[in-house]
Amino acid sequence: SLSVAASLRESVTELSDLFQKRTPGVSFKKNFGASGALAKQIESGAPVDLFFAANNEWVEYLIKKKLADEKSAGLFAYNQLVVAGKPGLKIASMQDLVKLNRIAIGSPKSVPAGEYAMAAFKKSGIDKQVEKKLVLAKDVRECLLYADRGEVDAAFVYKTDALLLSKHAKILYVVPENLHDRVTYPMVLTVAGSKKPEAAAFIKFLASAEAKAVLTKHGFEVR
Amino acid sequence: MELQLQAAKQQGNFQLELELKVSGERIGVFGPSGSGKSTLVNLLAGLARPDRGSILLDGKTLFDGTAGVNVAPDQRRIAMVFQQHALFPHLTVRKNLLYGYQRCPATERRIELAEVAEVLEIGDLMGQMPDTLSGGQSQRVALGRAILASPRLLLMDEPLSALDDDLRYRIIPYLKLVSERFKIPFMFISHSLVEMRLMADQVAVLEKGALTAVMTPEELARQRMGQSPAGYINLLELGVPQEKQGLLAYPWAGGELLLSSNAGAERGMFELSSKDIILCKRHPDAISARNLLPCTVRSLFETGSKIGVELDCKGGILVAEIVPDAARELDITPGGIIWAAIKASAFRRL
Amino acid sequence: MQFAPTDIQAILLSARVGVVATLVALPLGFLAAWLLAFGRFKGKLLLELLFNLPLTLPPVVVGYLLLLLLGSQGALGRLLDLLGIKIIFTWKAAVIASVVVGFPLLVRSIRLAMEGIDLHLVQAARSLGAGPLDIILTVILPLSRRGIMAGSSLFFARSLGEFGATIIIAGNMPGVTQTLPLAIYDYASSPSGEGTALALCAVSILLSLAVLMLHETILQHKKGA
Amino acid sequence: MELQLQAAKQQGNFQLELELKVSGERIGVFGPSGSGKSTLVNLLAGLARPDRGSILLDGKTLFDGTAGVNVAPDQRRIAMVFQQHALFPHLTVRKNLLYGYQRCPATERRIELAEVAEVLEIGDLMGQMPDTLSGGQSQRVALGRAILASPRLLLMDEPLSALDDDLRYRIIPYLKLVSERFKIPFMFISHSLVEMRLMADQVAVLEKGALTAVMTPEELARQRMGQSPAGYINLLELGVPQEKQGLLAYPWAGGELLLSSNAGAERGMFELSSKDIILCKRHPDAISARNLLPCTVRSLFETGSKIGVELDCKGGILVAEIVPDAARELDITPGGIIWAAIKASAFRRL
Amino acid sequence: MQFAPTDIQAILLSARVGVVATLVALPLGFLAAWLLAFGRFKGKLLLELLFNLPLTLPPVVVGYLLLLLLGSQGALGRLLDLLGIKIIFTWKAAVIASVVVGFPLLVRSIRLAMEGIDLHLVQAARSLGAGPLDIILTVILPLSRRGIMAGSSLFFARSLGEFGATIIIAGNMPGVTQTLPLAIYDYASSPSGEGTALALCAVSILLSLAVLMLHETILQHKKGA
């Protein structure tokens, strides 16, 4: 079975469905949640074969605990951090954010997107100015919700998520990649998963052009 | 107090169907267990709603099924003493007592805490909580609580059953006093004829949810004299006594009556059962009964298997109870002269 | 173990939110319980359902619904905006979340106690001239004391643990709206924060222990009196 | 039944300090309100724990403070009737009645439902729930429930206060019957001397939490004869009567006694108050009292302001009550002959 | 509105988890309430605290703690492993989450009702030969019926809304362990799923309405009898 970070929900579902159609007899159980929760579950012996995380931290955690197969670790997709907000606002640089009242980011302690956003603030030197304006959401979807409902002026979200926005909010600004580490989605086989041929086959399938097309459709970058 | 009640109420298998018109300050309700006395009380207090009918108290409509009038219980100013005392468990005895008092407009307050506490002997309990009271104590407090509300009508549902005899007869005259002095009319529920006779001017007799009669307690007592173990109770108002041969001689009806010395040397009201009067044709020379009164027979009446004899003893009226056979043997006829023998111990102060 | 300043603030904020929410909810809960226990009116079942809704729905959904209602686009939110009152992303929002989510617990406890009151006492009070409001205050309130105590300590404890609705409408702003559970969650979801998370859990447990002890002491005290 | 109790118990301001040794089947506990009667009952039943002391019933230790013995209430097989009936509100009358019955080992069951239901007149209520019963009905059911548990000891805490006179005197002989036939000893709490005299063989008298005396109810009644409104109660076992001049003539002590015809034409136990006997020196020619018995004076005793006269009427013993003055006047001395006049209506069947 | 098969499964699963959790929790809750209401022993306060813990802590934290306990490294988890019982990531885990999180509510309700029982009735029963267990079954149980009913409907409703602990120990596996609140959350967090989320909310409300009605009917019926 697969444990999948919530932000990959739609794409991994589509990919696994596709794979199941291709390979009769194979069926997946999927489990969605926050990366941290998923890692803890695996640590507690949850019967998981393949772990799709939203950041490297939890994959390394599992590897360190000898619960995941280091050799199988790889990057699955990439994403971009964007600022979404009220359609009228003009954000041309990070410095423009200082003028805003409320900015939603994922909680940097628990949400990778938040971590990237904080890094970007620091690199642009505005972390002190915006500190009091930050609303820390428990996940990216919540940031999105705030932006969509107009509760915040801007929210740091992934591009893939921002594509789901309705007309109340839109992408205002794409955060330059030099301001933070690249947004990566790693995946790893667990110790149990590394013994299953189907799991390896699925990983191979994910590298195929067909799979990459699906990811691109959902807004991910595949390079 | 004038009460006009016409009400029907279904309760489980039990059907109450009452039409009752009474006026007076001291109304009794008499009837066997399960005859609907408590139900009637609830209707009056507004705690139960008649299925149909109307209730008028002193000309004021308390309930009218057709007109849709139903005065709230707290607006009726009708206080209750329940069979089960229903004291507020979270309030001290003092606060229980003052509950109705404080809710009574100051101008209408007629009775003070100290007065009630003294008569009911609950002064020492003031700080206690109800759950630490004995059965008798609880009921006395409940009684005091209702009295202190200075109600327009006081409903008492067998309030005395939990009290001992002594206390019971000390409370009864107080209740009467309260009713007379402060004009608090009451309705007194009991299935004891004695209590009824002592407490009420008029009695509504219930039987299986219906009114069978309204009569004076005298009439009721005479009617049931034969059945009642207590007989008919003569009530005598006696003046200030003098000591005489270790007894107390009370002036009564031009003559005097000798009572045991433990009767208490003050004027007051006394009861004498019709059963405690023995009639003799002639003056017996020596008899243990201390009172021998020559009387004129006023009338005879039959009740059950007994004959009631109404006697005129120099203006004082007494009712004696004898068996028909004795009436024949003694040749008792209205207008005849006869001796009534009464023991000094037969009288009881109320 | 040393707490960061924002952790201390979270503890204080949680305590404040718990107390304020309890104070706000108590009169409302009492009233609601009274309506349900003694009221006889149409739509009672509907009212009961309404009070129980926040229990049935996941708190996150409750938070979401509250956001829709109180947010800048919500019906109530716009009204409050006109009055210059800001709710969303302030500690008041945390209070509202706690009140809404804990309300069914409070009502249930109080109502249960009310239904146990001997009707004769109410009847006696009425016959002694006490009107409905008077009876509520002098008979029903003191006699449902156990239920009120139980309900409010339950409510307080629940509010200490309230997470789902709070994080949505109060946001998670360290030092401003970050309550204990939000802080705990933050720490617990990063691999390095486990220790702090457990320490904050302990604080939360201690807080509710204090309330529980207070509750027991008051009950014991009243019983003894 | 043999009871040895030595116990102290503090309750608020009230201190119980009792040492009580009684044996007998019918024990009474007598005392004014608040004297600790209910507290004693609770100690026996095991519902309250003495601060110190010991309780032995029939040689079996129920409680011993020093040895740390405290038999559980349900193991004591001591049933109770409370002042407040305490019926299970969720069970029908039938199930309430059978509660103790079903928990009593089948071999120990001595009393059947139908029997109890008939005497207590609760057969019609079987399907009802307790909250629909009237006060009197509830107490009868509570009584029945305790009896049906066939207990080793039955504790009754003023069980009759809520019943009407009629019913009360119909239950008393049944209770006595139960106690005799099935050997269920009971302890009967009351502050009524009359009930005590009718129910108990021995009476423990309590006053402010302490035992003042253990005596027979006769002694107690004689002692308090002067104070009690009921006087001393003579209990007469009368044989099968014959009709005679509209009255019933019951054989008694070699002669006969004439009773009102409503006394019921069967043999049975009757009560006669000492107050209802009038003594005459000579035979009065015509007197309303239907019974005139020549008697020998056996003894005289004083109580309060009264004199008790023990009479021997051809073997039957009666106690009459007169004032000292009458004793002098009639020259009553032990061994003297005197006429006792008793009205036909003065007797009451129990 | 058409529900996807996994949505139907979520509804059925939630109903099943609610019913099973209630059945499992009732006897335990009754016992716990009895201990707290009538028991006199040391450590009672501690026990009470323990029962209330799941209320005070955010459900997510409860979930983590349960994961620690029941996971393959946990004390209980290893024991269960030996017995061949798998809990984590099965619907049984959802039941456990519901039981633990709702337990304080259940206990509180029942206990409150028990504390309202007239002690004279217990005393009468004892004097009639009923031992402690007998009294529990024939006096205390029926007389705390209102509390049991109130508590279990509260509990059931809470279990329908249980989210935080469930997602951690049961996982969020559509068709396997995804209960209603998890499904609602999933839909609610994507803008396109709002409609389905609301529809599932309605189902959840209907379910608890049904339980509530059942509860009222039983109470009414018993009252009338």
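Some observations on this one:
Per-chain residue numbering starts at 1, and chain names A, B, C, D and E are given in the order in which the chains are listed.
Going forward, a residue touches a chain if its C-beta (ideal position, glycine included) is under 8 Å from a C-beta of that chain, and two chains touch if they have at least 3 such contacts.
It should be emphasised that the depicted structure is a prediction, and the values quoted were computed from it without experimental measurement.
Traced through touching neighbours, the fewest hops from chain A to chain D number 2. Per-pair counts of C-beta contacts peak for the chains B-D. Using the mean of the Cα atoms as each chain's centre, the chain most removed from chain C is D. The greatest centre-to-centre distance from chain E, using averaged C-alpha positions, is reached by B.
Centre-to-centre spacing of chain B and chain C amounts to 56 Å, using the average Cα coordinate of each chain. Chain A and chain B, compared by their mean Cα positions, are separated by 90 Å.
Centre-to-centre separation of chain B and chain E, using mean CA positions: 59 Å. In chain B, the residues that reach two or more other chains under the touch definition are 84. Counting only residues that touch two or more partner chains, chain E has 64. Chain A has residues 37, 142, 145 in contact with two or more other chains. Interfaces, counted as pairs of touching chains, are A-C, A-E, B-C, B-D, C-E, D-E.
Contacts from chain C toward chain B in the complex involve residues 118, 120-121, 123-132, 134-135, 138-139, 142-143, 145, 225. Touching chain C in their complex are the following residues of chain E: 45, 48-49, 52-53, 55-61, 64, 104-105, 108-109, 111-113, 115-116, 146-147, 150, 154, 157-158, 160-164, 181, 184-185, 188, 197, 201, 204-205, 207-209, 212-213, 216.
Those residues of chain A that touch chain C in the shared complex are 34, 36-37, 39, 57-58, 61, 102, 104, 107, 109-110, 132, 134-138, 142, 145-146, 149-151. Residues of chain E that touch chain A in their complex: 64, 67-68, 70-74, 77, 81, 86, 88-89, 167-169, 171-174, 176-177, 186, 189-192.
Note for the complex: chain D touches chain B at residues 11-12, 32-34, 38, 83-84, 128, 132, 134-137, 158, 161-165, 167, 169, 191-192, 226-227, 229, 231, 245-247, 260-262, 275-276, 278-282, 284-290, 304-306, 320-327, 329-331, 341, 343-346, 348.
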